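Working notes for the structure below.
Here the chain labels run A, B, C and D in written order, and each chain numbers its own residues starting at 1.
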Amino acid sequence: MRARELGITVGSLPPGEHNAITDVAGVRVGHTTVIEGDATRTGVTMVVPHDGNVWADGVYAGHHRLNGNGEMTGLPWLEEVGLLHSPIGLTNTHSVGVVRDALVALEVEQRPDGVEAWALPVVAETWDGDLNDVDGFHVTAAHAQAAYLAASDGPVAEGSVGGGTGMTSHEFKAGIGTASRRVSTGAESWTVGVIVQANHGRRERFAVNGVPVGLDVGVDVIPGVASRLPPGSGSIIVVVATDAPLLPLQCRRLAQRCSLGVARTGGVGENSSGDLFLAFSTGNRGMAGLGADAPAVATVRTLSNARMTPLFDAVVEATEEAILNAILAATTMTGKGGTTAHALDHELLLAALARYGRPATRP
Amino acid sequence: MRARELGITVGSLPPGEHNAITDVAGVRVGHTTVIEGDATRTGVTMVVPHDGNVWADGVYAGHHRLNGNGEMTGLPWLEEVGLLHSPIGLTNTHSVGVVRDALVALEVEQRPDGVEAWALPVVAETWDGDLNDVDGFHVTAAHAQAAYLAASDGPVAEGSVGGGTGMTSHEFKAGIGTASRRVSTGAESWTVGVIVQANHGRRERFAVNGVPVGLDVGVDVIPGVASRLPPGSGSIIVVVATDAPLLPLQCRRLAQRCSLGVARTGGVGENSSGDLFLAFSTGNRGMAGLGADAPAVATVRTLSNARMTPLFDAVVEATEEAILNAILAATTMTGKGGTTAHALDHELLLAALARYGRPATRP
Amino acid sequence: MRARELGITVGSLPPGEHNAITDVAGVRVGHTTVIEGDATRTGVTMVVPHDGNVWADGVYAGHHRLNGNGEMTGLPWLEEVGLLHSPIGLTNTHSVGVVRDALVALEVEQRPDGVEAWALPVVAETWDGDLNDVDGFHVTAAHAQAAYLAASDGPVAEGSVGGGTGMTSHEFKAGIGTASRRVSTGAESWTVGVIVQANHGRRERFAVNGVPVGLDVGVDVIPGVASRLPPGSGSIIVVVATDAPLLPLQCRRLAQRCSLGVARTGGVGENSSGDLFLAFSTGNRGMAGLGADAPAVATVRTLSNARMTPLFDAVVEATEEAILNAILAATTMTGKGGTTAHALDHELLLAALARYGRPATRP
Amino acid sequence: MRARELGITVGSLPPGEHNAITDVAGVRVGHTTVIEGDATRTGVTMVVPHDGNVWADGVYAGHHRLNGNGEMTGLPWLEEVGLLHSPIGLTNTHSVGVVRDALVALEVEQRPDGVEAWALPVVAETWDGDLNDVDGFHVTAAHAQAAYLAASDGPVAEGSVGGGTGMTSHEFKAGIGTASRRVSTGAESWTVGVIVQANHGRRERFAVNGVPVGLDVGVDVIPGVASRLPPGSGSIIVVVATDAPLLPLQCRRLAQRCSLGVARTGGVGENSSGDLFLAFSTGNRGMAGLGADAPAVATVRTLSNARMTPLFDAVVEATEEAILNAILAATTMTGKGGTTAHALDHELLLAALARYGRPATRP
């Protein structure tokens, strides 16, 4: 169940076909969900930027850090030249390394014969240690590879899947969420897609369309997660894709707008949170090839900065809705040490919205 | 008239005595309002960080850029060592230079005999060209000096004063606004104060406590400013002060949280907006003196990062409320070319809040 | 007299026609030198990026800070989108404001009728307070405008001219210096030009082509400047221009390489030094226009990152040579309080080079 | 054999007891060298910041990127709060993940009972694919742990050891190198130590004390590495330690000065190079503990910025000498595909220095 299936619309821009990051042509998402025994509740999600060899044919990208208590590998090259040259792996905090090296192995496998190269893949994480035996290192290279192989376009599974399996957000069960928007900037129109791995936020600040849902649905109604950490200790990773032709700094501008979507749903970049955002554009290709066929000078397109505000709006809206979807799609889960993370009850949410003059209109 | 006088409370933390940046001990604010003839609607605001010689005895500070279509001088030294060594001047876009050099002249005047030094003052701006003849350069060094001399503690004049004189926000008349919060982080408590020069935002996105006031109060009720620029083209400067003992990077963390307050009231860092934020801490002094008496090694205090989240909350709340105060305190103004910027009608605002389950409770 | 006229060659790449930043087509440089009475020794230099209306038709640019004890205005927009939209003013520390606002006035003057806009010009500085009455504010808007109007292509005056008038470097009289290099990157070749306002460095570290000239030419031979500040307290501004088609982050990469040229001649980014570098590319135009004719999507060219190393080499070499030219072109000057800054004796330099196996070969 | 054993002195500051990063009290270094069969030439080096539990008791740190074609994990937290909370692992490009997760496992092992936490360790790399089967993933978690367990104070093995095993620099065999300096800044004195994993640079630019050794020792005398990549494609990691009490931004200032040492020996941050630098200070401790005993407000010391220039000099000198030591200590090695990386002949180096007026003086 997603926000729009409940009749909840965030913002004013229309979503793409699947209301998912995969609405950006060529972008694919795959999950490996690892649930074993009483305490393994984790996984890997892969976001594949396009349908070619991304190692050889990178895309422009930029990142933003709202709060840095987290990891995203691959940052030096992203900051230096604004090129993303790998699928993006999302997993738990303590499995970043294994997923990172698994992506390197993938690059080795896909590398054309006779080319010498190296890989600096992007892997980000949030901490699922409330529900998952994160110190047990249950994610393997095979899990990462399976997530890559599973990547497909079309609808994206949300909630407790892939890297989001053991995650909670605003003290409700959460995980992976996605959304998209269609934007016109002059004669042309573009798609902006967002995917989140949401594991952040305090309940008291959780808001949907400005309605203080978190306060309204108190812990007497739905118990909070019995976290051994203070509320708000988790993290959120947001990945933005667009087919608008953007240069690296323009991607970075999109990445920063994820902060604003996080803010509107109640996040403040809490101290223990790793709120790291990455945006990439598929609107230019072929400018960063390997080997002798790489052009010395490539021709690329850049959307006028003066036309970018609608894209900013789209990122804010889609981030908000993706966070909401991550929570709505997740169902109650019990994990490590018997800890239970409760789902947000949909009817309670709808009732809260109605009480604050924002009734949902089921389609 | 301020938000709390109307019964509107933002967030949950208590404000300081004056609900103003001046609640941070030693911080002073002064305005010079320059209104002349039909088309001069501008001025200067000075925020003085402490009551000593700030040139010789700097404070730790950090800045954040939500969007960079604006100017804030003094950034290289702020980024390099995180020290603020000047009053902070706020004015219009085209008068940054004159205010900057006027602050240098102030430093020269205050410099102890026999000391050789230079000044790299901080001046920021927003563009008042809808109401003000900004291309006419009507701000003088004398205006800047007068704002400095007028700086005082206690209540702060808001709305169409000082640097905020000709500003509009979310398509309503706006200008200067301020707010503060008291925060406990363990055994000690601190004050966080915020001042904004608000000239940003589109009406359609303006929200108060999550209520879509901007949509509710359409241009058929209160006409928008007849700007020659697209809505949202302005800027917002936010200055944060705190007595919590913070290091430079910790100040920078506060500065970034201004983005979240801007987001919650409806800003998205629009392309043409210069959304530049500066946070400083008065909690350490004496570590950056001039001359022979400067200590080789200074002892400073630093709040544990693990205790900072309440300060983040305070910045978000106070930024939201300061923006609201900037709008509420401003009255309708007519300026250059007969352009009128209309004030937000207080009763319309209260009615909108009530419609969305957020009735104000006048004290 | 310049390095090459003395037979000193830095590096291996060939210089352009004038061995000056003006070898990049369209780039122009103008100086206003302000020498009055006993104590006024200052001025303004303007670097104009191209021969069109730079306010309306910006160029891609990036900056780097080796050390931040200095000012460069205009940074927020440069960092946000990587666009330079103004001539670059170089002056003394305390005159940044007046030059900045004079550039704004220039934009107002050049702005097409009916267009609403604002200016965020770039002005940088070094401190000439040893020789100049910097606290007396002798630079005027008229000086800045005159430097702009004087801007021309062809050979560039060096040494004690323009913004460099009162400057010293490595404890010798210095000021403005320039140099250029021709670079091939595949089928095409490009020009890289550099201009410095050099006011930095300690004599003991000054090196030419690796030869410890500063140690060799001790203060017993040429007295040091009787500075009231510790040696190395000054600053260096470096501006790099190229016709290679670079994106903003690629310009930023060039800007950082200025650090390496500074390092090789003996700078360490001393604490009191403002070592700020800006690089721009004229290789793309027309992508950031004002008004209705600005394209929604512009097509730009980008040199492959894999071809950039020769450009890095060029920046390093040209920065080294421009610093050397700034020193060689300057003649002994007496200024404020009778302070004298002595020129580096050319014969002593040549003798030092010969002693260390680097004899100059006069052409 | 090290530079000083050959009579080569870099700069003017005195080294510490071992002329090594371990001269900073508490800093330890350990290596695991992995040489197997014909093609495995790699390893891991661990730099341990102090002798306590670094996971619980971090140190202030800052980083700088001269060029970003490389990986350093852990950057978001380093940038956010300037705290280093792990040993620093150095290895090959494709083994960053396994070393990273091995450090996480170490944290889990060392974590006090009942404390919930996570680890974001710092691991950096250079690419040893000329000599090593880097695509074969021969580094294991056990190798990383062994390097940690081997960490000791005192003299540090240099050259083809640990992470440096398969590395080359300026087209000579190289690897790990270290150096240190003693600095006085007022009444107190401090130690600055540097360790490099050097795998960067072109021979034609290699310089020692300004002498163009690389040109002097051409490939007709010592053949270059038969790299399948263009010269200068490698990377250099520099880690700086000091006991001077520095805040995070001050550490970052030291980190940037590594660029200047790299520049003086001939590096330009070539496009394919990952030139990533990290500096940490052991001069403050106890400010970032875990659990209930962490202070809400810690008292720390900060060296006056006005006293930092001698530390900058020390970083530049020690970086230069550490690079030289990395080359001098390495011996000729044959690896993958029969590729041989030749050592720099010591006598040829000494002869070049003598030819350029810089004769070495053997102790």
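Everything that follows uses one rule, which is that a contact is a pair of C-beta atoms (placed from the backbone, for glycine too) under 8 Å apart; a residue touches a chain by one contact, two chains touch by 3 or more.
The structure displayed is predicted, hence computed values, not measured ones.
Set side by side, A-D and C-D show the greater C-beta contact count at A-D. Summarising the inter-chain layout, the chain whose CA centre lies farthest from the centre of chain B is D.
Averaging C-alpha coordinates per chain places the centre of chain A 35 Å away from that of chain D. Chain centres here are Cα means. That of chain B falls 44 Å from that of chain D. Rounded to a whole number, the gap between the C-alpha centres of chain C and chain D is 33 angstrom. Each of the following residues of chain C touches two or more other chains: 67, 80-81, 253, 305-307. Against chain B, the residues of chain C that register as touching in their complex are 65, 67-81, 93-102, 104-105, 108, 116, 118-120, 127, 129, 134-135, 137, 228-229, 274, 276. Those residues of chain B that touch chain D in the shared complex are 80-83, 185-188, 245, 247-250, 253, 287-288, 294-307. Taken together, the chain B residues at the contact with chain A in this complex read 12, 66-67, 204-205, 207, 209-212, 232, 253, 256-257, 259-264, 267-272, 305-309, 312-313, 316, 355-358.
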